[in-house]
Every structure is written in C-alpha cells, then in structure tokens.
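Chains here go by letter, A, B, C and D, matching the order in which they are written, and residues are numbered from 1 within each.
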Amino acid sequence: MSAPIWQKNSKATIDEQIMDYMAGEDIILDREIFLFDIQATKAHVRGLASIDILKDVEATEMLKYLDELAEEFKQGKFQLDNRFEDGHSAIESYLVEKLGDSGKRVHTGRSRNDQVLVALRLYLKEQLEQMASFSKESARACLKQAENYKTTPMPGYTHLQQAVVSSGGMWFAAFAEAMIDNLAYIQSIQQWIDANPLGTAAGYGVNLPLNRELTTTELGFSRLQINPIYAQNSRGKFELAALSALSQCLLDIRRYSWDLSLFTTAEFDFVSLPDDMTTGSSIMPNKRNPDLIELMRGSYAVVQGATVELESLLSIPSGYQRDLQFSKAPLLRALKRGMDTLALFPQVITNTTLNKTSLKKAIKTPMYATDLAIELSASGMPFRDAYQQVVERYDELEQRTPEQSLNERVSPGACADLMLDEMWERLKDLG
Amino acid sequence: MSAPIWQKNSKATIDEQIMDYMAGEDIILDREIFLFDIQATKAHVRGLASIDILKDVEATEMLKYLDELAEEFKQGKFQLDNRFEDGHSAIESYLVEKLGDSGKRVHTGRSRNDQVLVALRLYLKEQLEQMASFSKESARACLKQAENYKTTPMPGYTHLQQAVVSSGGMWFAAFAEAMIDNLAYIQSIQQWIDANPLGTAAGYGVNLPLNRELTTTELGFSRLQINPIYAQNSRGKFELAALSALSQCLLDIRRYSWDLSLFTTAEFDFVSLPDDMTTGSSIMPNKRNPDLIELMRGSYAVVQGATVELESLLSIPSGYQRDLQFSKAPLLRALKRGMDTLALFPQVITNTTLNKTSLKKAIKTPMYATDLAIELSASGMPFRDAYQQVVERYDELEQRTPEQSLNERVSPGACADLMLDEMWERLKDLG
Amino acid sequence: MSAPIWQKNSKATIDEQIMDYMAGEDIILDREIFLFDIQATKAHVRGLASIDILKDVEATEMLKYLDELAEEFKQGKFQLDNRFEDGHSAIESYLVEKLGDSGKRVHTGRSRNDQVLVALRLYLKEQLEQMASFSKESARACLKQAENYKTTPMPGYTHLQQAVVSSGGMWFAAFAEAMIDNLAYIQSIQQWIDANPLGTAAGYGVNLPLNRELTTTELGFSRLQINPIYAQNSRGKFELAALSALSQCLLDIRRYSWDLSLFTTAEFDFVSLPDDMTTGSSIMPNKRNPDLIELMRGSYAVVQGATVELESLLSIPSGYQRDLQFSKAPLLRALKRGMDTLALFPQVITNTTLNKTSLKKAIKTPMYATDLAIELSASGMPFRDAYQQVVERYDELEQRTPEQSLNERVSPGACADLMLDEMWERLKDLG
Amino acid sequence: MSAPIWQKNSKATIDEQIMDYMAGEDIILDREIFLFDIQATKAHVRGLASIDILKDVEATEMLKYLDELAEEFKQGKFQLDNRFEDGHSAIESYLVEKLGDSGKRVHTGRSRNDQVLVALRLYLKEQLEQMASFSKESARACLKQAENYKTTPMPGYTHLQQAVVSSGGMWFAAFAEAMIDNLAYIQSIQQWIDANPLGTAAGYGVNLPLNRELTTTELGFSRLQINPIYAQNSRGKFELAALSALSQCLLDIRRYSWDLSLFTTAEFDFVSLPDDMTTGSSIMPNKRNPDLIELMRGSYAVVQGATVELESLLSIPSGYQRDLQFSKAPLLRALKRGMDTLALFPQVITNTTLNKTSLKKAIKTPMYATDLAIELSASGMPFRDAYQQVVERYDELEQRTPEQSLNERVSPGACADLMLDEMWERLKDLG
C-alpha cells in the first residue's frame, strides 16, 4: 500500500498525482495474469502469421522472445513494476526492445481490451481447475472421516438445542455431499466460461480476417465468444460466475468453521485440533485458540464483499469504461483469500478429531423422545396420544442407548444408512 | 405491511407482541409455495403408504383431500392467512378437519424442516424453468433484431466517447449471445438443484425406512439429496445458486437499460420506444419518459440486495435455526422483481426501434481513423508511422462511408460477420 | 404479493402488463407515508396562501378537507389502494372530489418529486425519534441488569475459549454503553436530516416566490434544504444515513443475540429466557427453542441487504430517474424489521435471567492465571519469569475465588469499577 | 500479493502453510497504523509510570526509544516486515532489543486487543480529520464554480430527458450543499468515535488501577470508552461509522462523475476537462477519454464492498475472535481508495469547464412550457385549461429566452436565488 496521494510531497504536479491515481495498483495485480497474457500473445502471433499479417520468420522470433520473457518473469529476472503502464505494455515493450519496430506489430488487430479479457479468462480457467481439485480433495477427506466416525454417537442440534441422537459419520458426510455438489457447480462454471474473447479488439472487431478459430484451439478454449460488444460486456459477468462457485465452497466452510468454533469450546468439548492448527496464549498455558478456524470462517466475508464491489461497478452502459479496471482487484483478492482457505480445508477436515467420550456424555435421555414418538405414531397411534405416551413413558427412555438410536435411524441418508458408497460413486462420476 | 409492533394498542400482552414478531409475514410468503407444499405432501403420503405406515385407504383419502385443498386454494376458496402458523400447519389442519385424528398421521416421519425444503425446491425448479424460457425468448428477440438491423451503421463507444463504426446488428447480437449464455447458466443450475430433500426430517433422519426413491420419482427430481444435515445446510445455498442465475440475466438487462437510457435522450436520439413503453409528462406534451427502462435498470439492485441478505443470514452453525425463516422473503422478493423484469425483456427488445437517420448522422469522420491505421499496419508499416500517416491523411478519411467500414469489419463476430447462424444453432442445441 | 405479470391471463394487453410492472407495490408502500404527505400538503397550502397564489378562503377549505382525509385514512374509511397511481394523486383526487377544479390548485408550484421527498423526510424524522427512544429504553434496561448482576461472576471469553473471570455486570454494561453510543449516533443523524426539501419542485425550482421559510417552520424542520438539484440528489442519501443509525443498533443486538444463542445451549446453560420468549417443541417436552433470539439475530441481514439495494440504485446521474421509486421498498422494509426488533430489545434484556449456579460452576482454575501473572509482572518480575512462575504455582491458583478476582479487576470500566454512574449520567445528558 | 499457499513449493510443512495463512497481509497493513501504535504505547508507558508500575527512569528510557523507533520508521530505517508477527510485537521487540528484559514491561496491563483498538481509533480520527478537510475544500470549489456559472443557462433533466431550463450555478451549488452536509456528517462521526479504548486489555480489564484518565488526555480523546467488553465489541462498529461518512462523500462524487461522463460525450458536449484529466487514445488523435472520472465513479463500489465485508465479519458473539483481524484490510482499502478520490475532487470541480455555447444550443423551446403553465395556474387558471393553453400557445414559447427563464425561477434555492451566501455562511459555521 503506497502512500496516499494527498500525503505526497508538495512538489508533485497535479498531473503526476492524477497519473498515480489512475495507475493505482494495476501493475501489481497484472503480475497474477502476466503469464496468461504472454500465452495469449503467442496465440495471437500465430493467428496473425496464419493470415499473413506476420511473416513466419517474424512470428518465430516473437514466439521465441515471448517464451524468453515468460521464463525471465518466472525466474524473477524480469520485474513487472511501474516502469510499465500495465502488463500489456510490458510485453510490447519487451518485444520492441528485442526486435525493434517489428516488435510493435504484435499489437496489430488486437486491443488492450481483448488482451486483458483473454488473460483474465485463462486465469479464471486455471483457478477454477484448482478450485475443482480442492473441492474433490475436501469431499474425499470428509468421506474418509465419515467412515472413521460412522458409528460415533453425537448430539444433533436444532436451534443449537440438543434435539436427537446423530453421528459423527452423518456430520462429516454432510460436508462430503456439500463438497461433491460444489465440485459439480464448479465444473459447470468451468464449462460456461470456456469461451475465447481474443480477436474482438476494443469491442467492435477489426477490418482483418483474424483467425479466431486457430487462437481458440491454441489456447484450449472449447468455443468462441463470438460478439465483440458482448466480449466487453462479459467483463465482470464471467468473474461473478467464478466467484459464485467460490462462494458456494466457502459457504460450507463457514458453516463447518462455525461448528468447530462451538465444538472446540470447553463447554462443548466435542472436537480437538492438533497444536499446529491452534494458537497458544502468551499467558495461559492451557489455552489453545482456534484462530485458524476463525480466519476460515471470516473468509466468506472477503468473497461476499468482493462480489458486491464487482456487481456495483458493472452498472454502466455497454462498451469499455475505465471503471472496469477496478474489477481486477476484488476478483484477485477474493480468489486469493478463498482459494487459500479452500486449499487448507482438506487438512482441517482430516485433523478434526472427535472426542468420543465427551460426545457420548453429551447425549441426554430426552434425545430419545422423538424416536419413541415416531415408533408409536408409525404403529398408528394418533399424535396427541403418542406425545402423551412419551411424557408418561419418560423413564423408559432412560434404558435406550445412543447406539440403538443410531441403528434405528434407517431413513436413507441417516445414521444407519449414510449412503457413503453412493457419494463415492458420484464423486468418481464427476471425474 | 401491517402496523409495527410498537404502534400496537397498549392492550397487547408481551406474548402477543412476540408472537406477532415471530410470525412476521411468513404466512403471506407461504402462499407462493403452498401448491408445492401440497404436491410434496402427496408424495410423502404415497411414500408412507408404500412402507405400510399408512393404509392404502387412508392414503387414498388423504390424496383426495389434498387435491381438493389445492383446488380450493387455486379458486380462492381456501385462504392461507394468519389463522394458521404457516402453510405446513394449514395443510395438516385441513386434513384433520376432513379426516379427524387420522389426518394428523400425514406428518409421520417428516418435519416442517424437510417440508419447507422440498416445497421451496419445487418452487425454485419451476422458477428456473420459467427463467430459462424467458431467456430463450429474449435471445430470439435479440437475434431477430440483429437480423433487422444487420447493416444499420451505429457509432461504437468506448468511455462513452465515439470510437469506431459499429452496427445495430452487432449491438443486438451482443445481447443475443449474452442471453444464450444465460440460458446455459440457468440450465446448469436447474440440474444442480434437482435433488430431493424430502425424507430428511428435522435434519437427522428418522427411525423409519422412508421410501425416498419413490418420493424422488413422484416429484420428478433427478436425484436424492442424501444427507439430512446437508439438506438443512443447503437451505439458502441452493437459493443463492438460483439467484446467481437470475443476476446473470439482470446484469445484461441493466446494461441494455443503460444503453437505452442514453440512446433515448434528445442528445443521442438513437432509439424510439413505443408510447406504451414510455410515460408522458403531465405538463410537457413533447416529453416521453423511459420510466419502464429505468425500473428495469433498477431491478438488479433488488436481486443484489436480496443476495447479500441471504448470504449474511447463513453465517450460522449447522442445523436449523430460526434465522433461516428470513431466507424466504429475500428469495421471493428477488424472484418476483427479477422474473417480472425478465418477462418484459423480449417485448422491450422487439419494440426498440433504431432511428437510422440519427445514427447515420452521428457517425463522424474520425471514427474511420482506426480502420485506416489497421490497414496500414496490416500492410507492414510500423505503428508510429501508421499513426502519423493517419493524421496526415485525415482528409482522405472523409471519403469513407459507414457502410464501407462495416463491410470491412471482417473479424469473426464483427459487423461483416455477425455469425448469427452459429448463435441460432447454439440456442437450438440448448433445447 | 400479487400474481407475477407472466402468470397473468393472456387477455391482458402489453400495455396493462407494463402499467402493472411500473406501479409495482408503490401504492401499498405509500400508506406508510400518507399522513406525512397530507401534513406536508397542508404546509404547502399555507405557503401558497401566504404568497397569494391561493385565496385565504380556498386555503381554509383545502386545509379542512386535508384534515378530514387524514382522519378518514386513520379510521380506515379512506383506502389507499390501486384506484390511485400513488399517494400523491390520491390527495389531489380527494380535494378535486370535494372542491372541484379548485382542488387541483393544490399542486401549483410543487411536483411529485419534492412531495415524496418531504413526506419521506418527515417519516424518517419520526422513525429516528422512535429509534432514539428505543435505544434509550434499551440502555436503561441494560444498566439496570448491570446493577442486578454487578457481582455475579461469569466466564470471560476470547476466541470462545474461557479466558478470565468476568461478571454479569460487565457483560450487561457493555450493551448499555453500546446503546448510549447508538442514541448519540441517532441524535446526530436526526439533526443532520432535519432539512426541508419542499419547494424545490421537480429539481429545478419554479417561477414563483414560494414561501419556503414558512413551510420549514410549519413542518418543524430546523433548516432549509436549499438547492433543488441537491434535494433530488439527496433521495436515498438521507435514507442511507438513517439506515446507518439503525445498523449500529442492530449490530449490537446481533451480537447480544449471538451471546444468548450460545448461553442458552444446554452446554453453556448460562441464561434462561421466560417461556413467552421461547418456543416449545411439538415433540420434546423439555425443549425450549430461542426462536425469538434467532430472528433478532437475523434482522441485521435485512438492513444490510436493504442498504446494498439502496446504494446500488443510486448509481445514476443527477436528477430524478424512476429507479428511485425502488428506494422506498428497501427503506420501509429495513425500518419495519429493524424497529420491530429494536422495540423488543428492552424486554429481552430485562427478561434475560442469569443462572448463577451454572456461571459459577463454569469458572475454572486456569482463569485465574492472568491475574497472577499481572500481579507478578506489576511487581517488576520480567515476563518470562512470571509466566514460568504461573505454571509452577498453578496449585496456588486453586485457592482463588471468582469474587476475589472480580474485586481485584480495578481498571476503570472493569468488574470492580463498572462506572455505571458515569453511564447513567451520559444517558441523562443525551436527553 | 505473495504466491498463494497452494502454489508453494512442496517442502513447506503444514505448519508453515498455516502460519502463512494466519499471518496473511497483516504486517503490511500494520504499517498504516504503526506510528499510532507507538503514540499509544507512549501514553500507556506514562500511564504505568503514574501508577508506579514503571519507575520514572524506566519510563523515560522507553519513551526515548519509542520516539527513536518512530523516527527510524518514518525515515525508512526501521522496516516493518514479516520478521515480526505484527506491529505490536515489533514495538515490544524493539524495546527489548534496546532495554533488555525491562523492555517487556511495556506490555504490563495491556493486551494486543486494546492496543490495536487504540491505534486504529487514532488512525480513524486522523483520517476523518483529513476527510473533513477535503469536504470543505470540495464545498469551496463548488461554491466558487457556482458563482462563476451563476447565470449560465443549462438544460435541466428528469429521466435524462430535457425538462426545464436550469443553470450551471444551480448545478454546482447542488454539490456545494452536498459537500457541506458531508462535512457536518463527518464532524458528528469524529465526535462519536472520539473515545479511548486503551486500558481495557483483552476485553475484561485487569487487576491494576490503570490511569485511563491520563492516557485519554495524553492521546487527545474527548472521553473514555468505559466498558472493556464494549471496547472489543466496538471493533468494526466504529469503523463502519467512519465508512458511512466516507460513503456519503463518494455517493455525491459518483453522481458528479456520472454527470460528467454524460456531459463529456460528443452528443452532450457540455463539459471540457483539461488534458491532464483525460487520457488520449493511442490511435485516434481527436479522442480524449475521461478515465479519471470513470475511476472516481467506480470508487464507490470499493467502499460499498468493504462495508459489506466488514458487516458480515461482525456476525459473531461478544469478545475478540480472530475473524476481526480481517476487519483491517477492508477498512484500509476503502479509506485509501475513498480518500484518494476525495482528495482529487476539488481539482476536478475547479477544472470542470462548461461549454456555454453548447449549453445554450441545447436549450429547446419545449423547456419553457412549464414556466408558462405555472404562470397561468398561478393566476388562477384550472390546470387542464392551463395545459391546453400551453399546447395552443406553443408558438409564443419560442420568444422566450433562457436568461428570462432563469431570472424568473425565484423560488428560494433556484436559479434566480441560489442562496450561495447562506451556504458560505453554513460552511463557515462548521469551522
């Protein structure tokens, strides 16, 4: 975070202040998409060569130097900093430095407007790929834990009030199914955004027969984003789709974190986390704070805020307007925070140890009441009578055990029939 | 909007005030999902009969009265009002009235928690079906207009500054492609939420071998939502997915409305709307205000606000908590406003008349500059030279015509090659 | 919620559908501000009379019928329904019915644009007045409970982990100070919005020497909102200020509700609520669900969503645009839900009973560790040594009592010095 | 933006990954508040000395080194980087390095919880001070422009449709009054947050008679934030108040930017901006893009998103929880973007040149219709007749001039009576 404009030394001219304001942190953000920008530039060069705008030898030279630039950037030899207006200029500038005037020809038939679109699109695809992979790992971790704690009794809550007997298996399986659903959601977004905007220039196409089929294939897109005005209007729109997938994942992580936040209190004491997932207190030797869990819980807010930011920016007429530059920051911010959180989730799941003794102790007699009421009412007793019976036969409930209650919970998906195989199957089907 | 609690007459006991507060507008909202609740209740009855919890004759009676209730509700003979706590109670109460104590048996093995989930799920499915249909109509209307105005020159803007020649066809086609994408998005959400939560009770299943396969088939779901805790945790989560689809549609409508808001000004004067889509002024005979367009533009905010409301409600631990009751209002509100807007969009598109004379007049010579620059640079001239040439050969630009510029814009998707057939094709493929 | 447009019978003409869409729920919302609209109309009439636009006798007649209309509306004899386009038309229509053509003269020199502004402004003032009063009552209730539980030991938490001994008094006093701050906040917003927009017409004033000073005094505003364009641009801006005050209140209520949601679990068992503030379960006699608390917690989301909705609507150029019609619904919705919640808060505070036995039992020996460490370090021992000492002298901690710990917590504001008098004092100063 | 966790080399242990995740960008954010942290630490030291926890000589030494640290930080000699967990640790670490074990005594009786609160509070105060100053400058710039263009006719719009004659003076004065209101708003928030949280430790006070009066005076706070639990609960709450003030300013700037975005189009052509406030096109010599204005318009979204982020984070029970660490980033981000924008606003106002010729040309005859209608109706003609008359006497309107229309707009605040003196007066009263 650089010093604010208004704290600058008084020598800066208005012009410098304004240049600074307009540049913002753009160049730093461009680092995230720089390699994709280079990749798309290579495709553009091949496209130009295929329609004879570039000679093959020119194209070959350019491709060589673009690879070199990528390599130097990866190795930290090429710094993307405020010598350049943005990443796009940096690429052109590098080619000009290497190839002289002919380097400038790389920009023929494209505009920074479609250049940033295609770089961001490739970036989104890569992020969604990773997101899918983390969701899959999360689902697997949950399913394994569901198997580990299949028969571990655990109180089930509504309104945070003890309600009926549940199981560790059912609790973990809930997040397994959520993550499988998330995976399916992500995959549909991956498919949805898989369209190539390169070749639409500043939003109105150009008077060149650009080979958009070739660049589409080169870049691995499954279809063309046909219309140039739409390509511009999709800025932010596709980003929102990606964030909606991320939100779905974080929604479940927030809920899991909330559960853990309660379950790790001294009062509940249902869950232990390993030391490297908690933070000690500087003063109380016995205290282990679940900071990690709290940060994971708080991560949803980052994505929610970024989504609102993006949505509000997009209240503008068709065509590029500079407001859209501000769409980059919330996107990258939300993805960074969200993906970091999602990346840790499988480990957190795996390291969630249920305290079986505490769980068992927490199961109180009234939690069997519903079981009995259903038994009675299943056998045909009118409800009011069943209710009365439960109250009268309360002593009888005391003979019941958590295990018995679990075994009888036979409705599909419930404790006695978690349908984990079906979940593994669906996960496998999703690839 | 009933009088606020705190303006009530002083005779109301605290208890009454609180009851009122807790009831809120729930019963009114339930009207929207009442028929789905009845439909799901019928499936539940059949399920209970299939596992012999209900005798066939009991089930038959219940089904008959459930049909009757649906019919009476549709005809306005049965009023869902605050005689009942909610729609669920109303159904049970109706059956009890008709069948006595045995009516109460309808609730065996289910809870209001899975009942509301399944009713909302069916409602969402129906809404998404409708949303898909409106998107399809919108895409068609746009494609037809793109054909109508295929060769109509129109200024193309960046930063709202005149940039290059564009066409009416390209402008309408942009929204066609957007709406086709929206259709694809909606369809993936339809598939995603198509899971049956009925049979999960209060979130922990029950000690009955509920026939969830049968209810899944009966209700036309494509799969089971397996885990009872997940079923609860999906409250709001699935709603958010539906709203994300709606947002995508409204995002484009907002952008179109912005375009129209500009294009209908006296200064631009590019678009005329028919009288029944504008509002006269009470004082200036010549004035036609595009109120409709402004309301369509403002509709996005309703969905955005509702989304934030929902997301914030969901920051709670697993299991049902009463906060979730508040998820109904934003969902229904956003869907009502959003769907009403989307329903009108095809007509608005169809009734957007481009003023060809104004459009032509608005095309100024500098808008050909880019064409020339690209011609020069395509022929190998280094950029700086091309730029210089354009400045020097400015007079030459004056000979150019909009039509010529359009014809030369040959990059795929641009004015000379709108690829409308490919769009019709994709629309057809989406069914 | 009326049937959606697209479910209307097919006979409705496009025109009817659009009229319906544009009307929306506006007339229903206008009921909330109708009396203020009448009140402002009376001031306008007096203003017109003072500059001889209306004869005194005309004005007197109008005033009489305006009072009559207000009376009929309050008694339910005059229905504001969709016979009228909006509340403003209804007033004019009533006067025309009573006074013939001369009734129409009421609208001379004003526009519906300043009419809705002034009615909403008066409404906001009244709501803020009520909000201030509820905050004051809340603060009082908290202070009294702080006195009641001044010396009741209670565990203090960070990260929801038991940290140090705290007290019931300190907990209640926290919300007292919050509510006093909220009161001060509300009062500054009351002052801030206390400006009269009447007399600015459609946003550009009129060619009449309107007596704005007189209407300002008549309506009890403390100053004029001078500029007509600004008056229009303040639509939504002033609403946001009022909602920010409401948010502040609900932020604290949400936090209190969270505390209660935890403290009423069987595991914490720190708080009991009376029966009329909890909901029984239909099946488990022992279960008392804190539904009320959960709804209060969820209320923040309504205000947050409404705020976002409003903010997004306001992304438009200067001057009235129809999007602004949509600012009414989120405002009224947020105020209704928020004020209903705030109205109940004093009672909830008063009826929060601390379970002293549970609280005492919950205080564990490690919670004295910090006390000892501070004693040691206050006496000059370097921190690492003190920490080591605490670990070594752990047994010694067991002799400590909660009361002792409370008594020694002497830093101003802490358990031994709650400074309740200072809070009462500040509350009194705020009037 | 450092590399995401999941792209780290595989050698990082889980523990390192988690440490990294938890640290986040905290240390970088702390740079913004580091000097305030040092300032508050000095006050704490003086407080400890006043109650004899520190000897005077110890305190003197500490104060000296704290000044030194501040100096080194300002000069860039002391780097706040990830050698330290956070800014708080850095301060302690520096003192320990200089003073050995006794350096650790600085932390006696405080916690990082009240330390971050007080540093952020001081930071907020400074930011609000600056915000007030920018608002004042903005108001002044607007008032001057209102004087400059007092009699410049300009079309007035509703629904972006030409409505009546307005003036440059009235347009600028609208933003003047808005900025004066904003100044008043900011000042009330300044007063509201002016409370000292130092001395509340981890949220439960300590067993030391901390001299909170002294630190309050030392740090220039006008009152004590009394209650320790409330001090913790005010984290985020006070930040939201500051952001609501910033939002108010940016709301008006967004609206002004929208106006300029329209007014600088070729079609409107009402406003010229100087070259250093626009961006040239690389290809079209004639094109000047208002990028600066678009970025200013987009700035609201950043604050809106940050507000939502903060609000959602705060849905937690009382007491410190690590989620709150995430409150720093949105606060600093919103303030940076918002303040940078606000800082530029006075210059933008001053450099907005109205094109008088275009403005005059844009005023069309129908814009006088309302004037005539009001004249007629003021003289007693029933409205329908007046309306008919206007239509019939349309030709007569053509004789009217913009100047005449302006002169007759005599309602207070309107073109003929802008009441600029009253605005200057109020601005002066606000100090």
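Note that in this section a residue touches a chain if its C-beta (ideal position, glycine included) is under 8 Å from a C-beta of that chain, and two chains touch if they have at least 3 such contacts.
Fair warning: this is a prediction, and the values are worked out from it, not measured in the lab.
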Higher-contact pair (C-beta pairs counted), B-D versus A-D: A-D
Farthest chain relative to chain C (centres taken as mean CA coordinates): A
Chain C and chain D: spacing of chain centres that average the CA atoms, whole Å: 24
Distance from chain D to chain A - Cα centre to Cα centre, in angstrom: 31
Whole-Å gap separating chain B and chain D, where each centre is the average of the chain's CA atoms: 35
Chain B, residues touching no fewer than two other chains: 158-160, 163, 261-262, 289, 291, 294, 297, 300, 304, 307-308, 311-312, 315, 321-322, 370
Chain B residues within the chain A interface of the complex: 53, 101-102, 104-105, 107-109, 113, 156-160, 163-166, 170-171, 173-178, 181, 184-185, 188-189, 191-192, 199-210, 212-213, 224-231, 233-234, 236-237, 240-241, 244, 247-248, 251-252, 254-256, 258-259, 261-262, 297, 300, 304, 307-308, 311-312, 314-322, 370-371, 374-375, 377-378, 380, 382-384, 405, 408-415, 418-419, 422-423
Partner chain C, residues of chain B touching it in the complex: 1, 4-6, 14-15, 17-18, 21-22, 24, 28-29, 31-32, 130, 134, 261, 276-277, 279, 289, 291-292, 294-295, 297-302, 304-310, 312-313, 321-326, 329-330, 332, 336, 339-341, 343-344, 347
Contacting residues of chain D [partner chain B, same complex]: 158-163, 261-262, 264-268, 281-291, 294, 308, 311-312, 315, 362, 364, 366, 369-370, 373, 387, 390-391
